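Several structures are given next for inspection.
Shared chain: chain A. Partners: chain B in the first complex, chain C in the second.
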Partner chain A sequence: MLHVCDPLQESCCFSLWFQFFEMALSLEEEIRRQRQQMHMTVYAQCISPNGKYLVAGNNYGTIAVFSITASLSAEANKETWKPLVSFKAYDGAIYALVSTEKFLISAGCGDIKGWAWTDVFQKNPKVSWSLSLPASSNFGAFETNALAYSTKDNVLYSGGGDCKVYAWDLESGTKKETLSGHTDYVHCVSLYNQSQQLASSAEDGSVRIWDARTSGEAVHIIEPHKHEECARPQHGKWVGCVSVDAGEEWLVCGGGPSLSLWHLRSLTPTVTFDAPNCCPQVVTFHEDSIISGGSTPFVYHWNINGDPKTKVPCTATRVFSLAVNTESESNKVLCVSGNSSLIDVYTNFGYRAFSLDFC
Partner chain B sequence: MSSTTIPLKKKRRLGSKPEVEPSQISPPKDTKKLKRAQDSTSHSQESTGAYSEELEVLKRDGQQDLELHRSECANLRQIMQDIQSAKMSDADDKDEYVANKRMQASLHFVTLKKLNRLSHFRCKAARETTMAGKQRVDSLHLQLQNLLYEVMHLQKEIKKCREFKSKDEDIELVDVDTFYREAPSEIATPHSTKKDPHKQRLARLDWELEQRKRLAEKLKDCQSNTDILAREINTKEEYLDSLQPQLATILQATIPVQEYLSMPIHEIRAQHQTAKLLPRPLYILYVQASAYQEARDSSMSLKIEGDKDAVISAGSASPVIEEESDSDNEESLTQSKRRRKTVGNKLEEKRQKLLAKHPLQVIMTLKFRDGSVLTLTFSYLTSLHIVSVGVDLKLSSAAKTTTVTSDLLSPDRLLSCLHPGDTGLVSPNASNAYQFSKLGMDSMSSYIGKTGHPYRWAQWLAGLDFLPEDSEATKATTAISTSHMESTLKALRSRTRARLALTKQLTSLERNTVPVPAQSVGLFPAKIAARLTSWATITKEDFQALLFMQRSPALELAEDYQHFYLATCSRGSAILKAAVLLSVDYPRCPPHIVIGVTLTGEHNHSNDNDIRDLESELNLHYDELVTEKSHDYLLSNQLQRLLMCFDVYVETRGEGEGAEGPTEFAREKMFIRLTRGRGRSKPYKYNAQYRYFTQR
Partner chain C sequence: MQCGLAISSGYHTSLAKMAAPTFDFVNARQTFSESIEEARQNNESDKLKQQSTAVDGSEAEKKVALDQAFRDVMMNLVVKGSGCEHFTALINLSIEAVHLGICSPATPFLLLSDVFESVTINICDKVFKFVEERVDTWKSNVLYTSGKNFLLRMCNDLLRRLSKSQNTVFCGRIQLFLARFFPLDEKSGLNLISQFHLDNVTSYNTEQLDGPLKSEDKDETMEVEEGEMSAGTSPIDYLLYRKFWALQDYFRNPTQCYIKDKWRVFQRNTKAVLGAFSSLKLDDVTASKSQDETPTEKHVFFSKYLTSEKLYDLQLNDASFRRYVLLQFLILFQYLNQHVKFKGAQQVLTDDMSQFIKTTTETVYDLLKETSPRGEEFAKTIQHILSREEHWNTWKNEGCQSYIREKPDATQVQPKPRARKRSLGEELRINAPNKKIDMGSPELTRLWNICPDNLEACRAENRIFIPTLEDYFEDAIEQADPGAMIEQEYKVVNNSNFAWCALRLLARRSPYFFQTITSTQAPVKSVPSYLEMMVTKLAKDMPQTSIEELKTEAVVEENDDLLKGGEEGLEKSNFLLAEEVDAVVARLGENWKTLAVELNFTDEEIGNVQTENLEVKEQARAMMAAWLVKEGEQATRDELSKALLESGLNDIIESVLSDNGKTDL
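What follows is the complex of A and B.
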């Protein structure tokens, strides 16, 4: 059961508390806060199951919950664009957030942590459970860069610094499978084919396709930097993002190499999306188009045939996360975050409506 | 009787005739008999004379006489008629008849005459009786009048008596119960007075008198007592007055001893004496500062300087602003040229007066460990009601040898913004703006040279607190001064210390060496390949115009009173330019550094996330660079870290570019991972213990 509070009232309470908090800060703390905001990066976002809230995690390990309904309402102002609640979840950065029916799952520098939505909405977030990565190097723990959740069999897939992809059974809280084969750290994982197959992209320049049910070798390996049409040696070979369309026919990936569309059955690149100087960090299929963001202050919308649809400017100079609210039709927005404390919100996808302030 | 009534009369006649007829006929007969009887009496009385007739009148009845007169007259008329009728008739015996009748008539006349006389008498008698009655009435009336008058007089007397007031009624007496309780029985005599209210009152009055006499006696006693006491006080005062010169001479005599023992008791006393002449704000400042000096800070010293006599001659130096009517100013515009000149002089005088300082000043001297001395001269501007500070910093010989190129230590800038926004150029007293504009002067800032800086902390030390809205309540209070003294003095010291250290660092930086303090050496690797190649002071405009500054949030931080520098570092073909924004509140507010790198293209925070990470390494994680002792050397530590991170930046860049042949930048440092996380961040963090670099 979800506890849903009145978002407006919540934001009011919060802003009052926040003002009090701000006044109590000394000069030194105020300077620190200001500089933290100036150098903030929001790596991860996700939408709550009811589609009313946006959760974001930043490089300081803070998770903030924003009310989408309140910020879209007619009375919205600067205060409603601030977090309803924010809490420190990690000492290091948060790289990934996913949402299940009952839990908000976060990952970054440290364990994978589950937070019950009910606790989060009651502004009393506490760790419901946590999963520890099996191995750690001598020089500190590995980070988790990507999460994917399979609703069908309640399995969580995570990929990170130790070059492996793990499958976690959330029912028992144990590690089910280990998918190893990457030679450098994993950037992104993506599930498809009713969660039976998994694509992962890594710093080593490869995209690997796995059978999600077994822990064998990778079924296929794609190496974009070895294909002339998308290779860009000056940006490196790393692949930062991967995504597969709903029809399970097309795979899109990019990073150092250009963003490119691959035909899954023949494993050949068909289209290259040409965006100079942009190293894609995040890509997603939405309806019949592809939305991507990367190392330029723009969000790109592409047609599946490779033609650019639009190029929409955003606040962050490097985009790390795109979140489309598909849970609630009335709150259907695109949220874009990156190396800025502001999270841009697009209501009609072509024009930036306002920015949420992660402070 | 009328003929119409005949029938009625006839009837009546029938019944009454026999009665009426005889009565009508008989009276003449009766009268005849009466007359005869009267005649006989009157005849008998004639012999007694006139008096008898008067008496007769008294005896007779007037009414009968009237009847008699009438009957006589009727008889007479009858006789006349008989005579006439006889004369008319031609009877023979008429003469005789007439003679008879004449005789009868004469008798009747006699009777008439008698009646006439009688009536005259009667009339006279009546008049006399009326007269007598009238006289009696008069006398009675007079008597009545007299009696009425007497009654009135008596009533008046009674009223006068009733209204009489006795003096004893005004006297407030003790009430009856108290009287019987307190008064002795010889005065009270209850057995007699209890029943008689008059006696009781008298007794009470007696008792009152007795009491008053006693009180008067007492008063006299007391007065004599006070006289005695006053005399005693007088003598004692005289004695005390004579004591003062004696003490002064004794004190004078002790001066050589004091000098010998080097105890400047007398001097301090003299200072305290002078302190009494200080205006209230400076007095509070002096008292509080000297209290602080005794309790906490012995390296601080206080002095009062100025023209003591000027204050004494000015009497109670109460700062009264001359209220000048506006019409005066308007007048001056319309006056002739010559007059205008004099008015101009007058205006100038007024301006001078507005900026006038109190003749006495408090001088505070703070000594620093390296030998530098900070002298603060506090003056009170009597018309503006504010305290201004003159700043003077004497550098120690060690510090002097360094070439000071910046204005960091200039008296004008040294203590600026000790509290946020307190530039010391604007008067904290809002009402001053009006005083200035009235005399056609500019704002306070153009007269700072004359007055000194009216820093807000100086007002606090002097117990003045100007709220932004309420400028009227400028009564200096000690509480304000007490609460700010320690923090302000600490701030003054740390500011000056920081500035001295900063000047040293800047001098060193201008020689292109980063002066890393000994305590912080361990924070950095021993070998850093990048070098500082130049260090320059730039203006705010230059700072904002820098190419890599564009779109930087740091632009909003730039203020006029801050300091801006441009550092250039290089390693081989890579050139790094760092714009340093140094806040006046350094090191409380750490320097903010913005970076641009030229290496196969321009790199800055907006097109290269690694540069942004580098900036946050410097600007956000400065606390790792601050150790207790090296606090003031934060800038140097930041620049050293900048050089280190610049090394990391160029050394890790080659990866992923195909790495054809030897790269320009040999990897000299130990990196665990070149990139990490979604942001592919670089290993800027140095682990000093194991000497490797890792991601934050």
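What follows is the complex of A and C.
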């Protein structure tokens, strides 16, 4: 067949070769994709303003949008648990995501980027605006680890590798304040509900409480590793997560030191939540309980008095992000992500119902 | 029903007319009806009897007519819509009539079923109260045999009529009545071949629900119209919901588990459900609080599950719901594990299946234990109940043998032990001459008859287990010798086993044992030192006894016990020596005949000796020789001297026998 010199045959041969080449390429692509999936970590999640979508960002700089409504519906199957749309947003990892009424804001290595929800829903995401950090290290831009958005005055707070917390006026797109004082990189930023204050926790082992209106020194400094109740020298002094309750009476933080509840007025630790071998990475107040996750494959639910409520197993062996959908009652789920491409969804917060697949 | 009554009465009429043309059935029925009516109002059954005898006709004919009259009256009452006390009064009357023998025993039951078939459930309820009260009447001999089938049919009809969800109490009353009415081993209510109630289908929402989002829509654009969803409904985990309710089908029909594919689905669903249960810990605090508030909380009971998906989240958080489901698992596993006679040959568990069942059962029990309130107790109770269920199952496997022990059996069993008791002594007496005693079983008999005389058997030589002092202490004595140069710690006296045996032996065999205890010496400090002391004492005794032993070996063998501490050489004198016999012969002379008489020689023998030997001396010698031969070992000095004494030959005793010292005389 081959030595028949027919031009048509020849072109056929070429196309076969081409197909083979393409196949080899796609195979390589597939292997790469699977390997990436194996080593994927989902650091950040946020819920869309209407409460119907979950947005997640991973360590490869990809943002994926999942439909919570579809995945909860009766005819849900493996396909509906895959992202509706996913797009490459960063070269490096994405560490923080927040949503505002109009924008999805992402942060990681490099600029803070805003994506209009309307574009995202139309599966045509594009960067609406971006904010660049003022300083840069010798090895490129500093990373941003945490974001917090204040709806009242439309201000975004960010904290990261340069040990500073910035306040950005989203109206004008300018940097309003710089809150400096931390001596190591910032892990987490948490806003107060009513008053213009915010708390940040950092690798230096301190939680600093700032008055957001001025750029002065921190108002208070909490150092959990200096308190016997919660100090765990074997795990270090870093504080990985901080959260303030809606009544602005309690603050919960943890990391190297065990998770502890602080009375804000007296700045004293009241109870510690004892989860052995778990360094909390994320904590949040939900209704009358505290939900935390960290270096163990469990999501912990605590009563405010320190009693453990439950310990619910999850897929990821390290938990980095918890997202409770408070926007919509019918979609009120808890989403848990960590060092796995699967994002666990808890309908009843007591057991894992299913997992969304970040592929 | 009235129609039915009319037809049956018509049938009876024609039957009666054909069978007995002389008997005026219609008339009799009419008169009976009137008299029943009368008797019912006055409550007099005797009148009815008189009436019945007044009418001509055979007994059977009159019975049929009266039965029919009763049913007519009942029909009238029902048509008139009378109260239940009228019904019961009539039935009572019919019962009396049965006892008087004027109507057939089935009549009261026919009347009852007529009533139950033609009145409303409310009145049935009241009439049934009457039935319950008269359970003893129905069980009486006259009524039971003819009535039991009627009653059973009546009750089953009634049960079929009642609603299973509305009339649960009435249904239960009927069941209880049946249980009281029928004997324990009545099998009519038994699920003999272990069938499943397959109609009990639990339906749930398997439909593709109208999700708030159609999948087609969202592929185009993700923009969603607001307000489409009703606010306030919490999210539903449809996946688990379906898996969960799909399990109910396995509980309904467990044989499905033996089908490979279905088992795989079952296994997957079970894992998902139990995983959710174990992950979702129920709130202990609220449970214990409610327990404190209402310790005797009224238990709610549902005969069916509510399967709405909207309730599912609440159900997952409900302790009693969880218990129901976990118990269902246990019951299913119990069935799968059990040997049930009616299982098919292919319905066998594979190894994987049994392994799964085993581990899952453990998980289920663990879950039950942590389900408050009082989970531990609940789990234990369930375990107990399920073990009882096993008995029930084996009973059914054995073909439902009667629980009631039959009477002849009981009478047979009782006299048996009595008869045996009486015969035991007799048997001994009967068998005594044969020296063979029947012990009941051949082996026991053989063992017993090895040596029937127990005391003799005990005295047998091979039953002497106690060693002699010398044998036992041989080693200890050797070691006690300083010349042996044995270290203190290696001596046998330090061995506790040796010491214990030694003490026991000393107590039995040695005179020193008690001496030391009563002596005024200081008490011994330790057993080894005491033993050592004893050993030295024994060693001192030892040489003498061993020498004497050599001398009197034969004697020792014969009378071992006498030898101990006794006078040696006593027995020696009992032996006649040849010289003594010669001396006696020499002195006997003519007197040998008198001695021979004393030595139990007969006249004939004496005559023989005389004829064989000529000389007197020879004769005496021959006689003594014969005596020695005849008596053998019994020919002792004592015997001889006794005989000499008897024959008045005291001088010979003195001159010959007393020379050698002691005699007993």
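Definition applied: the second predicted complex is superposed on the first by the 332 of 359 C-alpha atoms of A that agree within 3 Å, B and C clash if a C-alpha of one lies under 4 Å from a C-alpha of the other, contacts with A are read in each partner's own complex, and residues count from 1 in each chain.
Going forward, contacts are C-beta pairs under 8 Å (C-beta built on N, C-alpha and C of every residue); 3 or more make two chains touch, one makes a residue touch a chain.
Bear in mind the structure is a predicted one, so any value in this text is a computation, not a measurement.
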Quick check on the superposition: with chain A as the shared anchor, is it clash or fit for chain B versus chain C?
fit
Which superposed partner A:His235 touches (first chain B, second chain C, both, neither):
first
Where does A:Trp115 make contact in the superposed view: on chain B (first), on chain C (second), on both, or on neither?
neither
Is A:Tyr351 contacted by the first partner chain B, the second partner chain C, both or neither?
second
A:Glu28 in the overlay: touching chain B, chain C, both, or neither? Say first, second, both or neither.
first
Taking the superposition as given, tell me the minimum C-alpha spacing from chain B to chain C, whole angstrom.
18
Starting from the residues of chain A touching chain B, keep only those that also touch chain C in the other complex, and list them.
none
Which positions of chain A touch chain B when the two form their complex?
27-28, 31-32, 35-36, 38-39, 41, 43, 59, 92-93, 95, 109, 137, 139-140, 143, 145, 161, 185, 187, 203, 233-238, 240, 256, 277, 281, 295, 297, 317-318, 320, 339
Show which residues of chain B lie in contact with chain A when the two form their complex.
420, 551, 553-554, 585, 588-590, 592, 605-607, 609, 612, 615-616, 619-620, 655-658, 672-673, 675-680, 692, 694, 696
Residue numbers on chain C that touch chain A, as the complex places them:
205, 207-209, 211-213, 215, 218, 221-224, 226, 229-240, 275-277, 279-281, 283, 309, 313, 316-317
Touching chain C in the complex, chain A uses residues 50, 52-53, 65, 67-70, 72-76, 80, 84-85, 118, 120-123, 309-310, 312-313, 328-333, 347-348, 350-354
